[in-house]
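What follows is subunit A paired twice: with subunit B in the first complex and subunit C in the second.
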Partner chain A sequence: MKTIAKAKLPLVLELLAKEYKVLVPAKFEGVTRFTPYQQDVELALEENVIMPPKDIFFPQTEKMYKFKAKDKSLEIEEYPLEDAMQIIFGIRSCDMKSIDCLDQVFLTKSYVDPYYKNKRDRSILVALSCIEPMDSCFCTSMGIDPQKAVGADIQAYDLGDKIGFEAISDVGKEILEKISSLLTEEEVTLPAVGEFNLNADVEGVPEKLKEMFDHPIWDDISRKCLNCSACAYVCPTCHCFDIANEVRGEDGVKIRCWDCCMFDEYTMMAGGHQPRPGKKERVRNRFLHKLRYFPERYDMLLCTGCGRCVVKCPVNMDITSIIRQIKNA
Partner chain B sequence: MSEITKKIQEIAREILEKGEAEIVIGWEKGTFWYLSPPAFIDKPEDTQRLVWDEFCHNNLSKYLLDYKNHEGKVAIFVKGCDSRAFNRLLQDKQVDREKVVLIGIPCTGLKDQDKAKSLGPNGDIPKAQKCMECKYPTPLVYDYLIGGEEALNEVAATKEAPDFSDVKAVEEMTPDERYDFWTKQYDRCLRCYACRNVCPACSCRECIFDQTRIGWIGKANNSSENQFFALTRAMHVAGRCVECGECERACPMDIPIMLLNKKLIKDINELFGKYDAGIDPEGKLPLGHFDKNDPEEFM
Partner chain C sequence: MAVTAEQVKTINPLVPIKGKVIKIVQETPDVKTFHISTMDDQKPFDPMPGQLGMLSLPAVGEGMFSITNKGENHIEMAIKAVGQLTNALHEIEVGQEVGIRGPYGNGFPVDYCKGKDILFIGGGIGLAPVRSLIMHCIKNRDEFGKLTVVYGARSKADLCFKEDLFENWPQVPNMDVFVTIDREEEGWDGHVGFVPAYVEELAPKPQVTILCGPPIMIKFTLPTLQKMNFADNDIITTLEMRMKCGIGKCGRCNIGSCYVCLDGPVFTMEQLKDLPPEY
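Right after this comes the complex of A and B.
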């Protein structure tokens, strides 16, 4: 395997940054997230980043097109699509799986979302294996291998003081070729992955949930929920959005923004009917979406075990505990 | 099990068994050792889940808003700050005193959750910032008190002086520096509204920030909308913030929200005289009434 000492990783990033926009896990203004590589970037490779790579493909706020409405005429102007290739370095297996989930939503079942596709098509993904799970990690419970990501162009391996690279796709091979002068070929054994503190047994959960819409468990689970969207906005797979107009006089911009099933406006219908009026209905929807509806439609769970919601929820709503409660119900 | 935990479980069981309340809201151990999230107990046998430790941060008074139209009584545990929040809700006629059973816990200060996470269970974990500046660790209103009156004296001795040095540091910045500071803070705001939803001063049935269709605030996440959100919320809780620090703890982006709230507390103290929210449920709010002696420098 081709390897490089961890301390020399910036040389690789530096070299690639001459040709591509390179996004790396880094601490930026107090939060770890994927940040454009620059010499003074504060790399964060010890733990997974707080903000997942979701917003690279599906930004929190995205301008779709401009329009001008005058009298009875309407002109629409598209924004030019970018075509520069970008490399995203250091995506963990859980987040690679989340990109697979987002691909299903935005690229399959007969509708291709042009805004997502453009960013996705020009992104080269370098996955990075994990050897030491964080306290909140449970990816293996979700069928994910922390050392082998799905959909990577290059799989990078955390080898302790070194990083190993393995090309998976043709683009991946090309990229490795470009940095080969910095790498050494050597035999490596992958280090064993540490113990997981959290786990969840999802076997049979999607099927069981089919009969649990009216189960009293939802009253119990939802009582402490605050109906904020901290969980959804740090979630690598939550992908609901709302489309709105920003209008100033004759000119307007169509924007789409992240939205969350915890909010009142989310399901508010014309005429004022609210089909999900309270905590119970909203919390139930969130977990049914992740554990039943999404598997029904796409044959995969909408949770990758990254643990971000478990860490960031102000009232410790813990999906692993909710899965346990569903199993025991 | 700590002595206080034992007492908490006993009293909760008694309240449920006697039918004094239908539900008791307390805290239980969460996913990690440094988390003690809210617990809703309605069966006497479940009271053994309840705990009291240095991570019982959640201000349980907030949940009383969920039981506003509930027929039966609700019992909640209150620390000093939670009891101030209760008084505030009472002052705004958001809760009915007769329908709530309050169990006071003299609080010696909670520990910083984030620091606990990084230092580990054997580390020397410092107190949460809000607790270091707490003026009212003792519950101001209660029906039952854990530990009895002698516990109150013990707590009174731990009081530390409130400190506005962090506010002063921001005040001393030039306007440009200050604008830059707050812009950076709120540029990372996700507008998840965890701060609002956890806050006991936020009791509006319909919140301005949910009115995107009407256009009070845009849905877009950008500097301008985020700052509009931050300033509006800060002004709206001014004079009503009980300094429980829950907004800042709940923020997934670690925005120093209490710094804004403390600035407003300091300003109110300077402009309208010393005022602590949630102390006197009968009193008038500094920004909620007109007094002939109010400063009118702008007139």
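Right after this comes the complex of A and C.
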């Protein structure tokens, strides 16, 4: 396997950044997230980043088109799409799986979302394996291998003081060629992955939930939820969005931004009808979406075991214990 | 040029094309029907009966509406003033340029209805989606059996599509139109009473029923239809949820694992039985 000492990794990133926009996990303004590589970037390779990579393909706020509305007239103009290739380095297996989930939503079922597709098509994905799970991790419970990601162009391996590279796709091979002068070929043994603190047994859960829509469990689960939506914002798979306007005089921009099923406004209809009127209905929809509806529609769970919601929930809601409650109900 | 449902999938489905309002009909005090063409006087797209369109005044907002009819060079949307966008739409005049995109959704099972006697039940603005199929049946009169319309509204003034109800449709061969209003009022010598009771009283014998109206009307009409021994897949209705994207991505119009914008808005009673009652 081609390897490089971790301390020399910036040389690889430096070289690639000459040709591509390179996004790396780094600490930026106190938060770890994917950040454009530059020399003084504070790389964060010890743990997974708090903000998932979804905003690279599906930004928190994104301009869709602009318009000019004056009296009876209207002009609509689309923005040109970018075509520069970008490399995203260091995506963990859980987050690689989340990109697979997002691909299902934005690229399948009759319609392709052109904004997402554009960013996805010009992204080269370098996955990075994990050795030591964080306290909140449970990816293996969701059927994910922390050392082998789905959909990667290159699989990078954390080898302790070194990083190993394995090209998976053709474009991955090309990229490895470009950095080969910095790499050493050597035999490696993958280190064993550490113990997981959290576990969840999802076997049979999507099927069991078909009969649990009216189960009293939802009163109990939803009781402490604040409907704050922090879980959805840090979730790598949550993909709901709102479409809104920003208008200045005659000129306007149609934007889309992340939305969340925890909000009242999300389903409130003109005229006042509210199909999900309380937090019980909203919390139920959130977990049924992740564990039943998404599997029904796309044949995969909408949870990757990244554990971000477990860390960020202000009232300590924990999807692994909710799965346990469902199993025991 | 009018685009087809297939073509719209190859262009950016989230960006409207520019259209213009060529005619506005005041149906009731709070319902207007808008006729919309492209700037070069074409149909913006060619919807199937029951499909939806996303209409926008971009500076105000965008909303999904059923397409109540299509003409040679336009589509029609009947819109009740209930919120920010719909109130703004009620302020516009002929010539207003609007954003329009679609068609979305599955539409009514037209082929399944062919050769059958059809009962159309509508309440209030709920006649709008049903009307698209009625108009299709009238245009292709030979392909369908007997057509029966039972329609009700709160008052005489609240009856939508009065010209169709009282002048056009009664003249169509093998078509009956029954209209009712909720309460007695001066100048009304027609039927008075709620739709479910009127359907029971009329006891029509159709093979398939298309039902659309406020949830309360649907709730009380279903037992009547069940008494009439309809199979669940012969009771067909339309649902609505809040929508933003129209293409099954933005999330909010889900009922269970279905998206109303994409998998609906038309559902049979058989399908509804498999969905959570959350609409």
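Going forward, the second predicted complex is superposed on the first by the 329 of 329 C-alpha atoms of A that agree within 3 Å, B and C clash if a C-alpha of one lies under 4 Å from a C-alpha of the other, contacts with A are read in each partner's own complex, and residues count from 1 in each chain.
Heads up, the rule we're going with is that a residue touches a chain if its C-beta (ideal position, glycine included) is under 8 Å from a C-beta of that chain, and two chains touch if they have at least 3 such contacts.
Values in this document were obtained by computation on a predicted structure and should not be read as measured data.
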| item | value |
| --- | --- |
| Which superposed partner A:D242 touches (first subunit B, second subunit C, both, neither) | both |
| Chain touching more of subunit A, residue-wise (subunit B, subunit C) | C |
| First (subunit B), second (subunit C), both or neither touched by A:E187 | neither |
| Touched partner set for A:T320, first subunit B, second subunit C, both or neither | first |
| Touched partner set for A:M64, first subunit B, second subunit C, both or neither | second |
| Touched partner set for A:D135, first subunit B, second subunit C, both or neither | first |
| Which superposed partner A:E195 touches (first subunit B, second subunit C, both, neither) | neither |
| Partner chain in contact with A:K224 - subunit B first, subunit C second, else both or neither | first |
| Residues of subunit A at both interfaces, subunit B in one complex, subunit C in the other | 242, 259 |
| Contact set on subunit A toward subunit C in their complex | 64-65, 67, 69, 72-76, 78, 105-106, 109-115, 213, 239-243, 245, 247, 252, 254, 256, 259, 261, 266-271, 273, 275-276, 281, 285, 288-289, 292-294, 296-297 |
| Contact footprint of subunit A on subunit C as seen in their complex | 9, 12-18, 57-63, 80, 82-86, 92-93, 95-99, 215, 240-242, 244-245, 247-252, 254-257, 262, 276, 278-279 |
| List of subunit B residues in touch with subunit A within their complex | 30-32, 35, 37-40, 58, 62-63, 66, 117, 184-185, 187-188, 190, 192-194, 196-198, 210, 212-213, 218-222, 246, 249-250, 252-254 |
| Subunit A to subunit B touching residues, read off their complex | 29-31, 50, 60-61, 135-136, 198, 220, 223-224, 226-230, 232-234, 242, 244, 246, 255, 257-260, 263-265, 279, 310, 312, 314-316, 318, 320-321 |
